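Below is one structure, written out as structure tokens, with a few remarks after it.
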Amino acid sequence: MIKLREVYFSYNKEPVVKGVSLSLGNECIALAGPNGAGKTTILKLMAGIYRPKKGEVFIEGKNIWKLPEKEAITLRRKVVYVHENPIVLRGSVLNNVIFGLELRGVSKEEARKKALKLMRKLGIDELAEKDAKNLSAGQAQLLALARALIVEPSYMLLDEPLANLDWKRRKSVLELLKELRETGRSIAIATHDAFLVSLVCSKAYIIENGSVVSETLPPAIFQ
Amino acid sequence: MLGEVLEIALRSIIVSGLAAVLATSWGIPLSLKLVTDDFRGKKFILDVFRALVGIPTVVVGLILYFLFSRSGPFGGLRLLYTPLAIALGQAVLITPLLVSFAYQALEREKGEVWELAMSLGALKNQASSTLIKETIPKLLNASLIAFNRAIGELGVALMLGGNIKGFTRVMTTAIALEVSKGEFGLALSLGGFLLLITYSITAVSRMVGGKS
Amino acid sequence: TRAPVTLRVSTTTSLYATDLLEELARKFQEKHPKVIIEFTPVGSGEALKKAENGDVDMVFVHAPNLEKKYLEKGVLKFGEIFAYNTFVILGPKDDPAGIRDMDPINAMIAIYEAGEAGTTKFVSRGDNSGTHNRELWLWNLAGLDPSGNDWYIESGTGMAQTLMIANEYGAYTISDIGTYLKLSSELTYLTPLVTQGSELLNVYSVYVVNSDVIKGVNERLAYEFQQFVLSDEIQNFIGNYGVVEFGSSLFSPANGDPDGSLREAWNQLAGG
Amino acid sequence: MLGEVLEIALRSIIVSGLAAVLATSWGIPLSLKLVTDDFRGKKFILDVFRALVGIPTVVVGLILYFLFSRSGPFGGLRLLYTPLAIALGQAVLITPLLVSFAYQALEREKGEVWELAMSLGALKNQASSTLIKETIPKLLNASLIAFNRAIGELGVALMLGGNIKGFTRVMTTAIALEVSKGEFGLALSLGGFLLLITYSITAVSRMVGGKS
Amino acid sequence: MIKLREVYFSYNKEPVVKGVSLSLGNECIALAGPNGAGKTTILKLMAGIYRPKKGEVFIEGKNIWKLPEKEAITLRRKVVYVHENPIVLRGSVLNNVIFGLELRGVSKEEARKKALKLMRKLGIDELAEKDAKNLSAGQAQLLALARALIVEPSYMLLDEPLANLDWKRRKSVLELLKELRETGRSIAIATHDAFLVSLVCSKAYIIENGSVVSETLPPAIFQ
């Protein structure tokens, strides 16, 4: 369970997240709302990337900003956030995909095997040796997804995960997400894509201007 | 004569190479700290380093001379007038330049790399080393330029090395000596040779280290 | 077998630049293979300062009034004059002040007058070196004080640089003969005009650093090298040094200063 | 004494400021050219500049000495031993450092800015000036560091200026003079004062020019 | 009319556009196809951003890579390409929006007025003074659109223009595009979004592996 309690956040002076409380249990939740509402910011707060100016972030009951780094890391490693604009590291696509495993000390060989299997599933195995900085938009998006999936996180926070993907790959990603739900992973998705949300999510938070304005069932929000 | 020049050139490379290694060994972690940590006085430190790019080499030489001199606090180490003293002095001299370059490179990449690392569960020092990895060609470039600066400086080599023939004479002190002798032609040839050395080292290490 | 011992020597750059000292060191090492002699060529003031800081065991200089200060402080001892040559007054070939073959004092007066008349310039080392001190002493003997005049250029650089500046400006200057000879091919607009006169005597001294005052210096070895430099064999060698290259020798050996004239000159300079 | 020091400091600032302006005026266009044009020998030129960061200042001084001296090709200009000669020499000296910094900054931004400008119908030189605008804080930083390097260098000031009292004496040549006199304490104080100057200029221009 | 004739292009060795011929007249065309097929590359070739390794690019009948810069620029200025990942310049949002006008020498005052009007239409007028580097993903997308629209190009080449936009803004952008079509502008859109394409485009090129594999009516392609 990831829980935000009365969380405030601002990049400079103006707060952009204003007293948000929400939780992600064994479920898929959607964050929806107009551009600039604060969806991305909220996901990054949930992932422990941003530190709230006020309020608390709990991962599995622990306030992660009050734990020493050593203890926090085991919790934070259960959570993965995927950026809306993929961030790509130097080196090959494969090297990018295994990055999270390297952080966790998995051996290179094992990481490689696992990565290739996953990349096959996403249809990017042929790109393995390609320079990751030279991908098309959709290819980069898939790289970012693979990089997140490979560490088998308990909580996946996805920011517009289907943007730039072609239809075939959208379908495989959706199936992957459904599979993940079936094995009990928690998923949060920030998106403007009604279709996606209605297929995998059971709950939607509508964000407007930095606050949760309503909780509803997914299909309702786009009407 | 030629043998002596080669010996001096080799000494220059080793001494300034050591200086570059030393400066890198503390300059990169320092730059990293400046980039990744937010603390009061950070801007101040950064500006001091930028100002120190312009510290006259004789001043660095002089300060370390006082420290290393027999009557100074570290006189007991007997460092003065040794190649090691030059290397230490040059390492100090080039640190600000190295930090200025490295900071610019690291700072440009930091935001994204750091966020990515955090989003995938990196420890703080793993995020740091990812940042370093991402910036390696530029950091290498910074070290290289710092090395070039070191091998071309005179004041430190003169004050701390003393231009002792066969022991602490390096390319620049040899050039300065020829200038003071009025042997301008010879001084220029030595200067050309020194440039050839720095160019070769630059070109080779960039081939090995990749583009930046 | 004993470990090698190092003798640390500071010397004025102009003296070192003639390579005489490296030659002497080589000869000494033939007799004492375990000895390493390290020269650090710097300005006179700096050379003496390094002695005071205990960073050298021995000093070669030619700035009597500075030497005297350090003698009085007790930093130096066993001062010996080992060689001498002359300073020369140089000027542009057309010699606007008309000093050719004058005696040094009158030459200085003539330069002063030409300077005031706006027909020439004079470049001074201005760096408190041996040569600079000699120049100031000459002005003093002439009863003149040129400082502050716009024809009186204080360069604040080494001898070679000062000569180059004088050459560029077509100005008068004073130099030790050694540096001038080495550079003469560059100095196309300059020529030596006054070379004679006891006031132009340039005496080089060698000192041992006093181990009673300065801790940790190798006084014994320094003394040995000093005695070696003063030995007949080496004095002879100094007298012939540079003959092949320049046609005349760069230095005259002191040979123990038999008539005391060098010491007298030194005293005059140091007292001035 | 104090008056003289202030006069020397002011001269240093003006001379090296002019050098930085000159070096910027040709160094930035040159870096831009290196970044935006693809031509054979580009890597070579870049590596030569990186190597030239380490050219000994006396060598630069010596080369220009030959050009400016009475018997040299530009002897008629009577530039030697004037403040202008120092400024020119320092401008040459710092150009490689400036270009190395500026190239790194421009290169990092080029791809995106260039594409954007082209996609919106920019002429080539409009795209270039957009790139410059995008990089201004970093370019300013490059010029600043180059200025600091200039004000702290000795060899050029000595060879081309001659350290003439009241005319071409700058901070570094004054410091070197005190060192050769054995006045180490005074030399250090002057060095400290010089650093204070460079720090102040650095801090102020970064406040005005914005973060980089 | 923009026309590609037998165009080849490669980033490094491997060609990624292989003998593509297509044209954009007074119409809206869609480019569809799997990730990495070459859609983005083709749009950039049409815009004259990339120079073909082989083949010709004609804008209004002129081979733009054979014209001197002075003549080419009047043609190239009729064409605007909008990146799939917005590129943002330093400075305020407003400054970004007027960039294209500045290139064309329009006075700052006039540019400002025009920009504010357009930004109101896209619902980003409140962001005018904001630092453009600090926008949310959707806000940046809208900035890029505004920056392109403001120069009133005859040819608009849009790369996934609706990605990251919320529903309200998707609607306004669609309406804007329809308006543009009515005033005779030519539009090319690379997208995976069937809905969008079917609403404004009359023709679709399907790109696969660097080649045009078929020309069809838009709704057909996603079946």
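Read from first to last, the chains carry the letters A, B, C, D and E; within each, the first residue is number 1.
In this section, a contact is a pair of C-beta atoms (placed from the backbone, for glycine too) under 8 Å apart; a residue touches a chain by one contact, two chains touch by 3 or more.
Small disclaimer: the values here were computed from a predicted structure and weren't measured.
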item	value
Relative to chain A, chain with the most remote C-alpha centre	C
Chain centre separation in whole Å, for chain E relative to chain D (CA means)	43
Chain centre separation (chain B, chain D; CA means) in Å	19
Chain centre separation in whole Å, for chain E relative to chain B (CA means)	48
Gap in Å, rounded to a whole number, between the CA centres of chain D and chain C	37
Shared interface positions of chain B, touching two or more other chains	179, 184
Shared-contact residues (touching 2 or more other chains) in chain C	42, 158
Chain-level touch network, classified as line, ring, star, complete or other	other
Which chain pairs touch, all of them	A-B, A-E, B-C, B-D, C-D, D-E
Residues of chain D defined as touching chain B within the complex	43-44, 47-48, 50-59, 62-63, 65-66, 97, 100-101, 104-105, 108, 138, 141, 144-145, 147-155, 159, 171-172, 175-176, 179, 184, 187-188, 191, 194-195, 198-199, 201-203, 206, 212
Chain E contact footprint on chain A (complex, rising order)	11-12, 33-36, 40, 84-85, 127, 134-139, 141-142, 159-160, 163-170, 192, 222
Sites on chain A touched by chain B in the complex	44, 47-49, 69, 73, 76-77, 79-83, 87, 89-90, 99-100, 103-104, 147-148, 151
Chain C - residues contacting chain B, complex	8, 13-14, 16-17, 22, 36, 38-42, 53-55, 158-160, 163, 179, 182-183, 186, 215-217
Chain A-touching residues of chain B, taken from the complex the two chains share	112-113, 115-124, 126, 130, 133-134
